[in-house]
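Labels for the chains are A, B, C, D, E and F, by order of writing; each one numbers its residues from 1.
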Amino acid sequence: MKFIDEFRDGGLARKIADRIASEVLPERLYSFMEFCGGHTHAISRYGIGELLPANLRMVHGPGCPVCVLPIGRVDLAIELALAQDAIVCTYGDTMRVPASNGLSMVRAKARGGDIRMVYSCADALEIARREPGREVVFFAIGFETTTPPTALALQKARAEGLRNFSVLCCHVLTPSAITHILESPEVRQFGTVPIDGFVGPAHVSIVIGSGPYEHFAQEYRKPVVIAGFEPLDVMQAVLMLVRQVNEGRAEVENEFTRAVDRDGNLHAQALVSEVFELRPSFEWRGLGEVPYSALKIRPGFAEFDAERRFGLDYRPVPDNKACECGAILRGVKKPTDCKIFGTVCTPENPVGSCMVSSEGACAAHYAYGRFKDIPVHAEVTR
Amino acid sequence: MSGSRKDYVRPLDLRNGRVDMGHGAGGRSSAQLIEELFLAAFDNDWLRQGDDGASLAIPSGARMVMATDGHVVSPLFFPGGDVGCLSVHGTINDLAMCGAKPLYLAASFILEEGFPLADLQRIVASMAAASRAAGVPVVTGDTKVVERGKGDGVFISTTGIGVAPAGVNVAGANARPGDAILLSGTIGDHGVAVLSKRQALDFETTITSDTAALHGLVAAMLKASSRIGVLRDPTRGGLATTLNEIARQSKVGMVLEEAAIPVLPQVDAACELLGLDPLYVANEGKLVAICAADAADDVLAAMRAHPLGERAVRIGTVTEDPHRFVQMNTRFGGRRVVDWLSGEQLPRIC
Amino acid sequence: MCLAIPTRLIEVRPGAQGLVELGGIRKEISIALVPEARVGDYVIVHVGHAIGMIDPQEAERTLRMFGELAALAQEPEARTA
Amino acid sequence: MSGSRKDYVRPLDLRNGRVDMGHGAGGRSSAQLIEELFLAAFDNDWLRQGDDGASLAIPSGARMVMATDGHVVSPLFFPGGDVGCLSVHGTINDLAMCGAKPLYLAASFILEEGFPLADLQRIVASMAAASRAAGVPVVTGDTKVVERGKGDGVFISTTGIGVAPAGVNVAGANARPGDAILLSGTIGDHGVAVLSKRQALDFETTITSDTAALHGLVAAMLKASSRIGVLRDPTRGGLATTLNEIARQSKVGMVLEEAAIPVLPQVDAACELLGLDPLYVANEGKLVAICAADAADDVLAAMRAHPLGERAVRIGTVTEDPHRFVQMNTRFGGRRVVDWLSGEQLPRIC
Amino acid sequence: MKFIDEFRDGGLARKIADRIASEVLPERLYSFMEFCGGHTHAISRYGIGELLPANLRMVHGPGCPVCVLPIGRVDLAIELALAQDAIVCTYGDTMRVPASNGLSMVRAKARGGDIRMVYSCADALEIARREPGREVVFFAIGFETTTPPTALALQKARAEGLRNFSVLCCHVLTPSAITHILESPEVRQFGTVPIDGFVGPAHVSIVIGSGPYEHFAQEYRKPVVIAGFEPLDVMQAVLMLVRQVNEGRAEVENEFTRAVDRDGNLHAQALVSEVFELRPSFEWRGLGEVPYSALKIRPGFAEFDAERRFGLDYRPVPDNKACECGAILRGVKKPTDCKIFGTVCTPENPVGSCMVSSEGACAAHYAYGRFKDIPVHAEVTR
Amino acid sequence: MCLAIPTRLIEVRPGAQGLVELGGIRKEISIALVPEARVGDYVIVHVGHAIGMIDPQEAERTLRMFGELAALAQEPEARTA
């Protein structure tokens, strides 16, 4: 696969690893957060951790739209399916996210909810066309990557005058979340966040460009390297971060120039701002309320906004007390610091946000990395 | 394990849980369902092995018999039984009707997404109890989950194997003119018990399904006489259809005596009310035997000595008939053809 | 997050749809978000939509950068041995 | 018959007909469906007998193996196969994975009202062809019809019996630290072929299902070495889940080499596009074998000499590990856990 | 079962049979038509034919609402299910009646029609209440017995303001059909109808009383004995007919006094005339158009009339040419006179009306009586 | 046609419903068409509705009539023998 396989070359990986090893200062600790689950996934799946020096630590950030989806939003989607009898269309990712009362989309489906997995929001639109007698709601999750397709669907729905289609909008914004990690009031609770730099989003940046991170890098004096999701991209970004740290720089650099420029996809941006506007505040699972961190549907598209159409009332649901996700997402703790990691909280029965998607810090560690933590083991028998 | 953190895994929620698609995907949820629900109920060495099949000891020198049946009853729970015990009895009986001693069962479950785990557990427990009572273990199995609306709660296909001792030759083609036709008891109980719980029909009755494993009765019969040619359980399609099948296989006719055929009063009444004929209503714990006329008394005596054959009777005689008609002398004094069932037997208004 | 994959656009279809190819498989997607895409281009596909494009020169440059590292890395490797 | 009017019965409408409830009611329509469709396809002495079960000859002195599987694939027809041949291969393979030579199959059909008889005939023909090619006849069967919306076209549960020669002891619990882990070919073909036809995903591919009967390959392997401990077909849940099952049964760990595991480029591409991992995608014509390390070359040679094992490779080694982790050295140079499948493997966007 | 079992006593049957045998005049042929399928059923099921003298012949009449239901009416019900997506509720009896294009209700159901068997029209009403989003049509067939329950359902539907319930009314009338058999233009085609008397309806007469037959008996000089559906009732009625014939009487006599009087169920009659009115003409399968032989829904209940509600257009469909039903229903031919009886036309694949329901003359003879006709036999194999 | 069966009314229920008994089975039916029916009466049930009633005296009379025939029939029977 062109533009993929070349970036997974183990030989080159070894070279970059050696270069990193040779450039890190032995007396220093390096902590870098990869914001995106895509990077987390690459690190886990390819075993990148093993290729990095002992004094360089990767912290998994909150960059997975499934992980940060709060219980209360899933509850709304389930309410639409079970109480309002709507067809709720959703990406496969949300199917197993735990909601209130022991439910999830999978279990709500098992209880009779007409919940359908779609590959694209265009499929949800098609279902609405095919079943005009039913309300069809698209449960829209995702970052700036996933938002433009939703915007496109809403535009089409309006153009076609579809009367039975609406969107439960849970689209969230990357830059505000990164900022929040460094400046939120909760930071006090966890002490200083020991992050020396960020591996910046790959595909999100295709849409928004590298520009939006510049303010952040300057304001918080943290280096950012935008990197692709292939393992060599991640390793190269780490090398570039090490160099910035060593040289005392805090700039936005772009490793992913083959797909990202400073401006991003202006066409997509224009479309998004035509359909969506900022929400004053939105709850992120594990992070809490984050101001101006999400989008809502503009009044001009009100009839396609499931929240208005069905008069939905958002009710936040607190996470499990034992869950350390808040600290983990901020880089203060590791999955194995959580008392219930791998026992009560497993991918089958996720308790906290980090275990929900395979991109989550805890899930990734459980699936790919836990052979390093001897005491945990995976058994079905009691 | 040494040095491991305490190995806690949240058990299946057998009270409020439901079957979801994950239970059929072959991963950890599937394994948990099998272990905590199926294995817990059926518990035996073969199943516990967890292999793709069960490895079994078979007495050598005998013919082996294999039978399979899918069980799709609605409702799943009915007076006197449920799809679980039915799926054990149904296949054991088919083995027994071939003259075999049933040895092992395999069970294939097709579960509908959303089915309550508590109901599944009840069904599996009933199945396990029936299997234990019959002495025929479920040694291997399979579970699939289909989406809601693509199944109907639980379908269970069971397959059994058994051995027929040398000298036993029981088959549908063995009826000969002059043979006696025996019936082990009342007809229509199962069908009426199930119908009584159908939403559109519901009526109150104390009738319960006759669902039972007949291999013990068959063993007693085969011991009493070596001259039993045909054994068959009159399930779907009822006694009438079963006798027509045998008539076709053996190329014979039959004449029945209506007055001899036992029907419980409530079954009679339900059939009158719904416009059904008990001759076409399903049974799950009855058998028809065809034997040489002069062996009939011995066979009947053996049947009546067994709890499942207490009301055994001779109901007719095999005749020579190129048309293979099953005829019946009516209680009223006339004679009629007892034909195959046409289509489904539906409640009628006229 | 945001699973997306570079695929080659092999056909432009009516309604801003396009047929893309990846490792021998083909799928129809929307190209409404990359109106500039032409047959032969590599578009990055996410949830059935092309959201951006690959710049082959830049990809080449990045790979060369890894290669240069490889050359530079001769030295520390020798040191390790 | 002598003196009879010409015996004309309107045959099943195999072109435009549909399954209706009458076909499952056990009467004349049921008999006609069995005779004109099932019997016509499978034609053999046991089935033609028309009894409740099949009476079989079994070589004495061997262990018998019994395996069952329900087949509920959607869509019913997919590139490279259909539910019919799959239902034959699936059960034959489970027998083979126990080291047995498959002898006989039983088939239980659950048909949905409204299913086109033409499609049913195609499926049954494919099943019959697979059964003949494998030399394993379908000797007994059962057919039920469920109402529209309570089934999904056709479900087929097949059960097989076979015999394992004395001396063969293949079981999931037999893996020992140091043993070699062998794989017979590329992974993920079946799952990707089926996914490509799912309405919501549809993509074009030339990938076809690998569905095949593996008993011939197994026979060649067992002939080549007596030191094969475990055989298993990585079906639902894929290679990852199968290896985890074995690790659990044998109380061992495993280390795999990602670079050794063959994956077709199109399978790789489809998985990238849908966010799936080929390690978890189903196969229907592949097997995993675990044998003593010093027997690996002999076994591999035997596998590669068989058409279904041409791409056989050694993919890893069994280790001692109280945690029973399956780990993998990545092609990239790292190492990761290859865990059980959690829930269903669903196409992902992130 | 009280009031049932006593009337099935084989000993008494023998006595009545002997009495009949002793009273018939050996030189005379007696032909009696039992109008009702209920009598046909009793004759077949209990083997009454064997108990009657050779010179006394029972002719099966058209008195089965399923047998006489014309193809075109079933086509309408199927159209409602398949083309209008209505839930069509029907008695089990109609399920296998052949319609056009090789269809039947059973097969239309297999093709996706939402066709539900009900035991009572009250069940259809209940379905309409439970599924307010769907159109629910009750396919109403039957004689005067079955009409009052339908009238009750229509009254309830109007009282409750059910907006999704309607009735496809195919209720037919007994006296006009009996009259038609004796006076229709087709009688010429078949020659004189050789019927000496009628066994009159049992349950129909409970509702309409014995009065309506009086005009008929006088006008056509044919004796009528109303009889119950138990076998002794039938035999007794035959005896009473023999006596009328022998004595040259043509009266309406009532054997079924335990349930029938002269006036019938006035309450039910009032209800029926409130809801229904006469149709000028209606097609009977096997008989053709019969004037004033059926009911339609009154304009006051128009919104519950499926024919008006769905703008249904009745199209008559001719019967198979080989079919002799017309002659059989008029007593001119017997089932075995039909060339395709028992071969092409069987209960599995009924061709004509008389094979449709087990009450039909051909079906009854096929199921219960055909052992007497050696050449016919029942085999699945070709 | 018109399958109908005499059953005993054993309970009158609201909404003109009644519980009837036949040979040990019970079923709820409508008695709206026989408002005169009382518990203990035998009503004739058709499609879930009582459409008429049995007059026990008349039933008795009819049966007696059959019995009288039996007596009368002695003579021809003797003749046959």
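Assume a residue touches a chain if its C-beta (ideal position, glycine included) is under 8 Å from a C-beta of that chain, and two chains touch if they have at least 3 such contacts.
No experiment lies behind these values; they were computed from the predicted model shown.
Shared contact partners of chain B and chain E are D, F. Note on connectivity: the fewest chain-to-chain touch steps from chain B to chain C number 2. By the count of C-beta pairs in contact, the leading chain pair is B-D. Averaging C-alpha coordinates per chain and comparing to chain F, the farthest chain turns out to be C.
Superposing the C-alpha atoms of chain A onto chain E requires a rotation of 180 degrees, rounded to the nearest 5.
Separating the centre of chain A from that of chain D, both taken as means of CA atoms, is a distance of 38 Å. Mean C-alpha positions place chain C and chain E at a centre distance of 75 Å. Between chain D and chain E, the centres computed from C-alpha atoms are 54 Å apart. For chain D, residues that reach two or more other chains under the stated contact definition are 1, 3-4, 20-22, 28-29, 31, 265, 268-269, 272, 275, 322-323, 340, 342-344, 348-350.
Within chain A, residues 1, 4, 37-38, 64-66, 91, 96, 106, 119, 123, 142, 146, 346, 348, 359, 374, 376-380 each touch two or more of the remaining chains. Contact of a single residue of chain F with at least two other chains is seen at positions 1-3, 5, 22-23, 46-47. Under the contact rule stated at the top, the pairs of chains that touch are A-B, A-C, A-D, B-D, B-E, B-F, C-D, D-E, E-F. Note for the complex: chain A touches chain D at residues 1, 4, 8, 10, 13-14, 17, 37-38, 44-51, 64-66, 91-93, 95-96, 106, 116-119, 123, 142, 146, 231, 346-348, 357-359, 366-371, 374, 376-380. By the touch criterion given at the top, residues 196, 202-207, 265-266, 268-270, 272-273, 275, 348-350 of chain D touch chain C in their complex. Across the complex, chain B meets chain D through its residues 1-4, 20-22, 24-31, 49-58, 60-72, 74, 93-95, 97-98, 100, 104, 106-110, 139-144, 146-147, 149-152, 155, 157, 159-162, 164, 171-173, 232-233, 235-238, 241, 245, 249, 280, 282, 322-323, 340-345.
Residues 1-3, 5, 7, 22-27, 45-47 of chain F are the ones touching chain B in the complex.
Interface of chain E with chain F (complex): residues 1-4, 6-7, 9, 11-12, 15-16, 18-19, 21-22, 36-38, 63-66, 91, 119-123, 142-143, 145-146, 148-149, 152, 201-204, 206-207, 229, 232-233, 236, 239, 255-260, 265, 267-268, 271, 359.
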